[in-house]
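The same chain A turns up in both complexes below, where it pairs with chain B and then with chain C.
Presenting the complex of A and B:
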């Protein structure tokens, strides 16, 4: 017994070494074959695609008077991204990519007991902050949520298993869960954009599909100049110019998530 | 030693019935192999003459190709695929594949049903965007934003 176990261990050790030694050979073999399959085929960015080191937004809240001004912005986002409307069904199932929030809820840490009247009643537009240190990405066990090279915190819906760890990790409530099949609740769908399915989390994608086609996000376009969009690390960008000349605040910046949505108040 | 089988008749009958039942699917379907599905190409697909890869490669490997497209588009933000013949295509199941093959029932489904696979692409991707796109409009003040 003793002997045969020793033999077994010896053989196992030698085989492990042999496999380790052969690995480069195996790899070379595999890549040779892989290349054959995709001979001349290649991948490119679209020529018009907009790129950045870290996309960011500056929202000028002075340009919004009432919640009415926010409506078309919210509407266009939800419409082009096939966001279902559960508001008439069950409030707990509501899915939102961008929505309106009161100051005291959007900036709970900053609200003093006595906020000035304008701010107190001002509608704030809130969306995913595309954080520079996103806790949702750390929490996601499948890498369905990840930070892209241009700073966008994006979701690969194909990989989302609906565990909702990301929702627990996001301190801004930027994420919504599809408790039911969303399709019947999309009034009029944009056929060029996919819908989601039951059991998947979703949130603002910073209009990744529009950036790829050289367009700025839809909410920026619909805001009539109230929202600026640009590269946070390009000193010449529109957002940097605004940040240089205005006092801005961010949501719960003290948590260290590095939100990239800035608000001029 | 004297070997004896009790209830011989019942036991043998039982074994025979069991064997017949187990092999039932095999002999029942003998000689009735389902015919290979016939796919219908739309006029657009016929006019295009070639797909993003050769017909044989597509038959065998369209699922791997789509998976690679997903990886490239979602994670690496590359949206253009250049075919082996050097022709560029936007990597999109709905907007590129289904633009030609707008007949899912006679194209995708026939083979998938035949081989008994149920891919869940269609839970999210829209199968015939062309038919719907004309009707889709966003409101006045955000017309540009499509």
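Presenting the complex of A and C:
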């Protein structure tokens, strides 16, 4: 009896080992196959897709007069990305991708009591800075947030475990968490973009879905020329031309995160 | 040995029933949270970690504190602690159990928790925290169980256990260091961005853990036939005294750097905690209570006659435990999030469901602790008889 049990355990152990040993081989097969399949399904970039080494934005705040000028920009972003509206429900659960802040909140530490009157009352657009050295990406334990080859810091809503480490890591407060199911709070659903589920983090994606289709981000389009978008490492790009000829500031540049949203003030 | 947990007095069964009741309530509320989402808690966009993560942080300390009985026994051959190392190890097991549960209840998508292993990300400190916490749990289960079983059978513990025991000592320091690194490596969070955070965590751990252990020893002596020993309790009391003094010293180092340099991004959080900021001061009374508790405890513990009096010592241990709990389990996490990175003050307070789930996790931890201590004490009683 004792012997046969020991034999059984031995065989079970060996077969377990065999399966475990074969797994990498099986995986290799699967991935090879998967790659081909994704190519066949058009996983490669579309020809008209916009590409860059590091996307960046220059916001010309001189072209904004009041919060009213920012409203259509914020609205179009939140609308096409199915961002829920909790402002009437519970402010604790609020989600925002792009919003307005006063100078002293957008640039805390830089503000003094004697700021230019225009700047002091001017609404500043704030959003994810798509940092060159993003601390949120470093913090994420599952690579659910990652830096894409074109510099965009993206979210995989299906991999995010909702630990909110990225929210603690972000020095700009640019990330929001789905504290409850957001779907009932989306006024008009855009079927072109996924909705989220409860328990995951989200933020601005630099309109990655529009870039793939050859369009500039929605906020850029809605800004009537106040926001420029382009490749930070292309000397001929619009953002580089603006950066060359204008004094610009960035939020908390001293932290070394390399924010790529530049403001002309 | 598990069967030893099944036979006990009426009091024992009653206590276990109370804990199971607490677990059921917490579990029921957790199902509600699972269904609704973390919106059931008081957390929000600005304070995105709350009570759960704060308890987790505090309890990592309690777990690490167990090493304060293991280290003197195994490294300094301080024989007296041989009697109670098992209590330190079992306390660590129950504390780590609570830590892991607090992480799980804090996840937005707990069903995806294994993504941390499926997509291992060594750049993330959370990945390392997962490794050190689970490692410490297994080390303590293996060591505690083997040592106790050997004692029961009146033989020496197996030789292969020694490396595990030696490993568990630096590992205990590791769990709280890595937990501090979760916070102190984040740019733009001035409150945590300090190299003294890990040492502070460790010193408060070595105060809170052994303080709780003293209280547990006194309870065990009262409720069972096993006496953890007067000398053992006195030695632990000295450890608590040193650790709480070092803890307050580290805190004062932080206070000096922050308030003398007067860099707003570092200063505002401490100002918020101790004086209130922009008219918000929910934590102010708590923080001053914490400081008073720790201060009074230091003064009392420094007096040898007070320390020698076990009833007074028990009071001191309660002061130390509560003081460090408020400091870490209440102020440490929300203090880092207020003001937010845009310098706005949005305070945080836990909700009732959040507290119910927290109590449920604590009940689970104390259930594990009760069962393990019951086994350990029964073995000790048998050995003495």
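As a working rule, the second predicted complex is superposed on the first by the 222 of 265 C-alpha atoms of A that agree within 3 Å, B and C clash if a C-alpha of one lies under 4 Å from a C-alpha of the other, contacts with A are read in each partner's own complex, and residues count from 1 in each chain.
Keep this in mind: contacts are C-beta pairs under 8 Å (C-beta built on N, C-alpha and C of every residue); 3 or more make two chains touch, one makes a residue touch a chain.
Bear in mind the structure is a predicted one, so any value in this text is a computation, not a measurement.
Visitor: For A:177 in the superposed arrangement: first (chain B), second (chain C), both or neither?
Guide: second
Visitor: Contacts for A:192 in the overlay, against chain B (first) and chain C (second): which applies, first, second, both or neither?
Guide: First partner only, chain B.
Visitor: Of the two partner chains, chain B (first) and chain C (second), which one does A:142 touch, if any: first, second, both, or neither?
Guide: second
Visitor: Quick check on the superposed pair: does A:169 touch chain B, chain C, both, or neither? Answer first, second, both or neither.
Guide: After superposing on A, A:169 lies in contact with chain C but is clear of chain B.
Visitor: Output check: A:90 vs chain B and chain C. Expected answer is one of first, second, both, neither. What do you get?
Guide: In the superposition, A:90 touches chain C alone.
Visitor: Once chain A of both complexes is superposed, is A:116 in touch with chain B (first), chain C (second), both, or neither?
Guide: neither
Visitor: Figure out whether A:75 sits in contact with chain B (first) or chain C (second), or with both, or with neither.
Guide: The answer is first: A:75 touches chain B but not chain C.
Visitor: Touching chain B in one complex and chain C in the other: list those residues of chain A.
Guide: On chain A, the residues that contact chain B in one structure and chain C in the other are 197.
Visitor: Would you tell me which residues of chain A are touching chain B in their complex?
Guide: Spelled out, the residues of chain A in touch with chain B are 37-46, 49, 72-73, 75-76, 79-80, 146, 148-150, 154, 156-158, 188-192, 194-197, 208, 210, 212, 215, 218, 221-222, 224.
Visitor: State the interface residues of chain B toward chain A in the complex, per the touch definition above.
Guide: Listed in rising order, the residues are 53, 57, 61, 70, 72, 74-86, 88, 90-91, 94-95, 120, 123-126, 128-133, 135-136, 138-139, 141-142, 144-146.
Visitor: Across the complex, what residues on chain C touch chain A?
Guide: By the definition above, chain C touches chain A via 36-39, 41-46, 48-49, 103, 106-110, 112-113, 115-116, 118-119, 121, 123-127, 130, 182-183, 186-189, 264-265, 336-337, 340-344.
Visitor: Flag every residue of chain A that touches chain C in the complex, lowest number first.
Guide: 90-95, 101, 104-106, 108-109, 126, 135, 138-144, 159-165, 167-173, 176-181, 197-201, 252, 255-257
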